[in-house]
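We call the chains A, B, C and D, going by the order they appear; numbering starts again at 1 in every chain.
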Amino acid sequence: MSPTAGKYILTISCPDTTGLVATVSGFLRDHACFIDESSQYGDPATQRFFMRAVFTPSAASPSAEEIGKRFAAVARPLDMTWDIVPADRRPRVLIAVSKIGHCLHDLLHRWQAGQMPIDVVGVFSNHEDMRSIVEWHRLPFHYLPITAATKETQEAAWLNLVDKTGADLVVLARYMQVLSPKTAKLLSGRCINIHHSFLPSFMGAKPYQQAYARGVKIIGATAHFVTDGLDEGPIIEQAVERVDHTHSVADMVAVGRDLENVVLSRAVRYYAERRVLQNGQKTVVFR
Amino acid sequence: MSPTAGKYILTISCPDTTGLVATVSGFLRDHACFIDESSQYGDPATQRFFMRAVFTPSAASPSAEEIGKRFAAVARPLDMTWDIVPADRRPRVLIAVSKIGHCLHDLLHRWQAGQMPIDVVGVFSNHEDMRSIVEWHRLPFHYLPITAATKETQEAAWLNLVDKTGADLVVLARYMQVLSPKTAKLLSGRCINIHHSFLPSFMGAKPYQQAYARGVKIIGATAHFVTDGLDEGPIIEQAVERVDHTHSVADMVAVGRDLENVVLSRAVRYYAERRVLQNGQKTVVFR
Amino acid sequence: MSPTAGKYILTISCPDTTGLVATVSGFLRDHACFIDESSQYGDPATQRFFMRAVFTPSAASPSAEEIGKRFAAVARPLDMTWDIVPADRRPRVLIAVSKIGHCLHDLLHRWQAGQMPIDVVGVFSNHEDMRSIVEWHRLPFHYLPITAATKETQEAAWLNLVDKTGADLVVLARYMQVLSPKTAKLLSGRCINIHHSFLPSFMGAKPYQQAYARGVKIIGATAHFVTDGLDEGPIIEQAVERVDHTHSVADMVAVGRDLENVVLSRAVRYYAERRVLQNGQKTVVFR
Amino acid sequence: MSPTAGKYILTISCPDTTGLVATVSGFLRDHACFIDESSQYGDPATQRFFMRAVFTPSAASPSAEEIGKRFAAVARPLDMTWDIVPADRRPRVLIAVSKIGHCLHDLLHRWQAGQMPIDVVGVFSNHEDMRSIVEWHRLPFHYLPITAATKETQEAAWLNLVDKTGADLVVLARYMQVLSPKTAKLLSGRCINIHHSFLPSFMGAKPYQQAYARGVKIIGATAHFVTDGLDEGPIIEQAVERVDHTHSVADMVAVGRDLENVVLSRAVRYYAERRVLQNGQKTVVFR
């Protein structure tokens, strides 16, 4: 049996005030729910409160639907943005890729090996290179070439895919196209990109070349929510690795691949486990 | 004003059951206390629950003494081990050192620079080497030489110091003497040692020589509570650094110094901020 | 064109003495070879000298065969163990796996994506689980079940494979069988294992369970040459990651997967690029 | 006896060409010198060659002075920038600090404990705060206040100190004044600064506040040579540490202190051991 079966995840974001933890944990106790895990954070700068709790209803608890209905009554006066979902509900994920396959390959392997709590609904790409590995995984591969002239149509095509597949999340796994502001906005909080630098260093194109030229001693990778500012969205996860003067750009690219895989897969897993809450231009990540 | 002024820290360890967070947070809300921070953890293996909450009473709250009295009534039936202390109460710390001074120096500098929330009440040593720096810090230096024959007397002498100074914590900052089982037991949970290896690798004497001989590619340092098993107490913090074939034992010692400083100072700070709770032979550290 | 085309790698291990670098680099200059990279190390403890040089012959150089013949005359009186191979010669690698596939999958992806300078000649396993992914990569999969009674026969079967495929290296990519001392000895310096702990901590079975039980704050993985002492062979590479009290054994296993992939693939790449030289029970790794 | 006694360090930077290692190592062998360590690097981008060798003359070697004279004849036609110095010659170091003392304190402790191969010739500051610890170390403390109006005079005053003390290196150990372009240029390659961010992220003032505002998950510190571009000089060393949403600016400052100490002390040690060679806007660091 899955360790998440029968559990629920509650996430909350609201204005901070005295008694919030008591209200929420009291509600769960009063409905005979056991709290397996609970994390909360009050941001002193924004005066906002964030909470994630994993709980298990008991035989004495009402149905999940009823719990949700009653929690809504608690949440409204506190101006909560909240959600209760089964802990084993996997988000539906659509992956985008261009020609460089390591992040895609890594995500698909983790997913296929049962290590990533997502349902991959398909992959789209502006190139054909990744068709074979995608189809080996018995997933639909959507070839959607793009030019400056067809950008709008191409985005419309895969936004249509998002709708048709019911995708909760779009993962840009080295998809080398900048989204239009309109599309970025539409997918706000639902689109994760991997950038191959330690942001905010080396935004934009060819970050490893930039890192090489600057002579840094450490390189990194960053997973972030996509916003309409290029590489400026809320950061979810970062990792770094040492390099030195002997590393060519190609060596940095090779070191970076492992970083990108690890960082992107962590970010997607945090999202899938509902550990990531947006806090303005930043994130709260309950790891 | 200190960021901890007016705040209190509540720590709890007890058998896990439904409703604990609700009980505690409900108690705080009912006494008009705002929760600044709260962390909790239920260990599925031992079925024990651990909690640390930082809270701020308001004008409507009773006195801290009264809050404590009332919480005792809540805690007793739940079999809680608990404590409520002012967040700005600094533990009194007695430091032990032998001839190698970097950890002592580092701790004293952090303390003197206001970066370490402890009150250092003195330093004892089986050697005279560190007298000068200790006295520059205007701290009492107790020279307590030791031989196999005088071990019992020497330990009695500094245990007497612990009593007289009201020390809450003894920090072995590269004190190169193994405590007698009796003394280790007496100081259970109140004595932190820095071991210069990544435990459980290389227990006992000369860990850097052992690491060199084994040809490891990474070395480490470990801060742990002292128990009567040599280097086997609950681990509080560890850190590591890369080495390679060019590192002599002396090079490893040099790399290790920085690790030891960082690891020991973190462990002492976690203790001082009441972030460390013992869980059998392990620790829960709410970082 | 490959960055290694037309280059050669010279590796040397010999007793240390004055003038070795001069002898070797003078030899290369006298044969009109440009040194692209050169690393050397004299171990003060063992008085042995190690060197790795990448060089490019010019139009004025004799043939590689002739260079080798002449170098042999230089090397003999200095008691050198040495080798000169084309830098683009890929070692032939036979991979062993049991049921857990992440290391295999990772190696095969790197190989197939052109990121790993090896020729994979096949995979053998005592289970059928990995057949599909191996065959998708169009590689022969050899199912060689094993029991206590058949251990000798089974080892003979895959040692025969080593011979037939001309494998230079056997990689145990989570192959959960201890090799017999005879086989370990036969493959001395040609067989790399990934152990899922930060050796020498947690040798033997179930290292993550051991790490969990001990309450360490950092876990690791180690790639090493196989010898007849279990998990005691010369260490090639290690890496670590932080964990804390909230990590279950399953969580540690998940964190460890990424470590194992990175560590094993680095070790194999170092081997393939002839960066690893054995120095008794230790290694010199010219990274 | 010091491990460096009787040894010399040769450093070279010159246009790359075939036979350089042979020429240099042949020269040393022909003068009966044993090479203890040797590192070299040819930068394919700039076509420059860099080398650092530690060697020990024997009874059969000429004097160091004579070796130098003869090497000059070898070096001239190859257009080498080079130096031969006794390995135990410690650079003379003048330290600058403002009000924040951890880097100063750390450097002085390492120096006083014999862990840092430098001779500290004094400390200057635009504030009085650090006088006491400097004088406890029996070092001259020079109080040189500065205003916009007196910047030129103040810089002249400490440049005069550099001359009078024969300082080889000026270390800006959290000296919170930007040097004038003229002074930066004058001290080119002889002045190391610690910047409290992972450059090129967060150049300029208040980097921890910038890091906090951006919501990065990792912070860092950078030691670099000072040039007239603010925080743009060649990077010598960097290090990083994880943070998360719970870290206030003050928490980041606290984490950063340890990073700054480690990074700055490494950079100064690399410089003192002549491991750092400038390569245009980058560095070669033979660690």
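Worth a mention:
Rule of thumb we're sticking to: contacts are C-beta pairs under 8 Å (C-beta built on N, C-alpha and C of every residue); 3 or more make two chains touch, one makes a residue touch a chain.
Keep in mind the model is a prediction, meaning the values are calculated, not measured.
Relative to chain C, the chain whose mean Cα position lies farthest away is B. For the pair chain B and chain C, the distance between mean C-alpha positions equals 42 Å. For the pair chain A and chain C, the distance between C-alpha centroids works out to 36 Å.
Residues of chain A in contact with two or more other chains: 37, 246. Chain contacts here are complete: no pair of chains fails to touch.
Within the complex formed with chain B, the chain C residues making contact are 41, 43-44, 198-202, 214-218, 220, 234-240, 244-246, 248, 279, 281-285, 287. Chain A makes touch with chain B in their complex at residues 18-23, 25-26, 28-30, 32-40, 42, 58, 242. On the side of chain B, the complex with chain D involves touching residues 3, 37, 101-102, 105-106, 109, 113, 115, 136, 246, 250, 254, 257-258, 261-262, 265.
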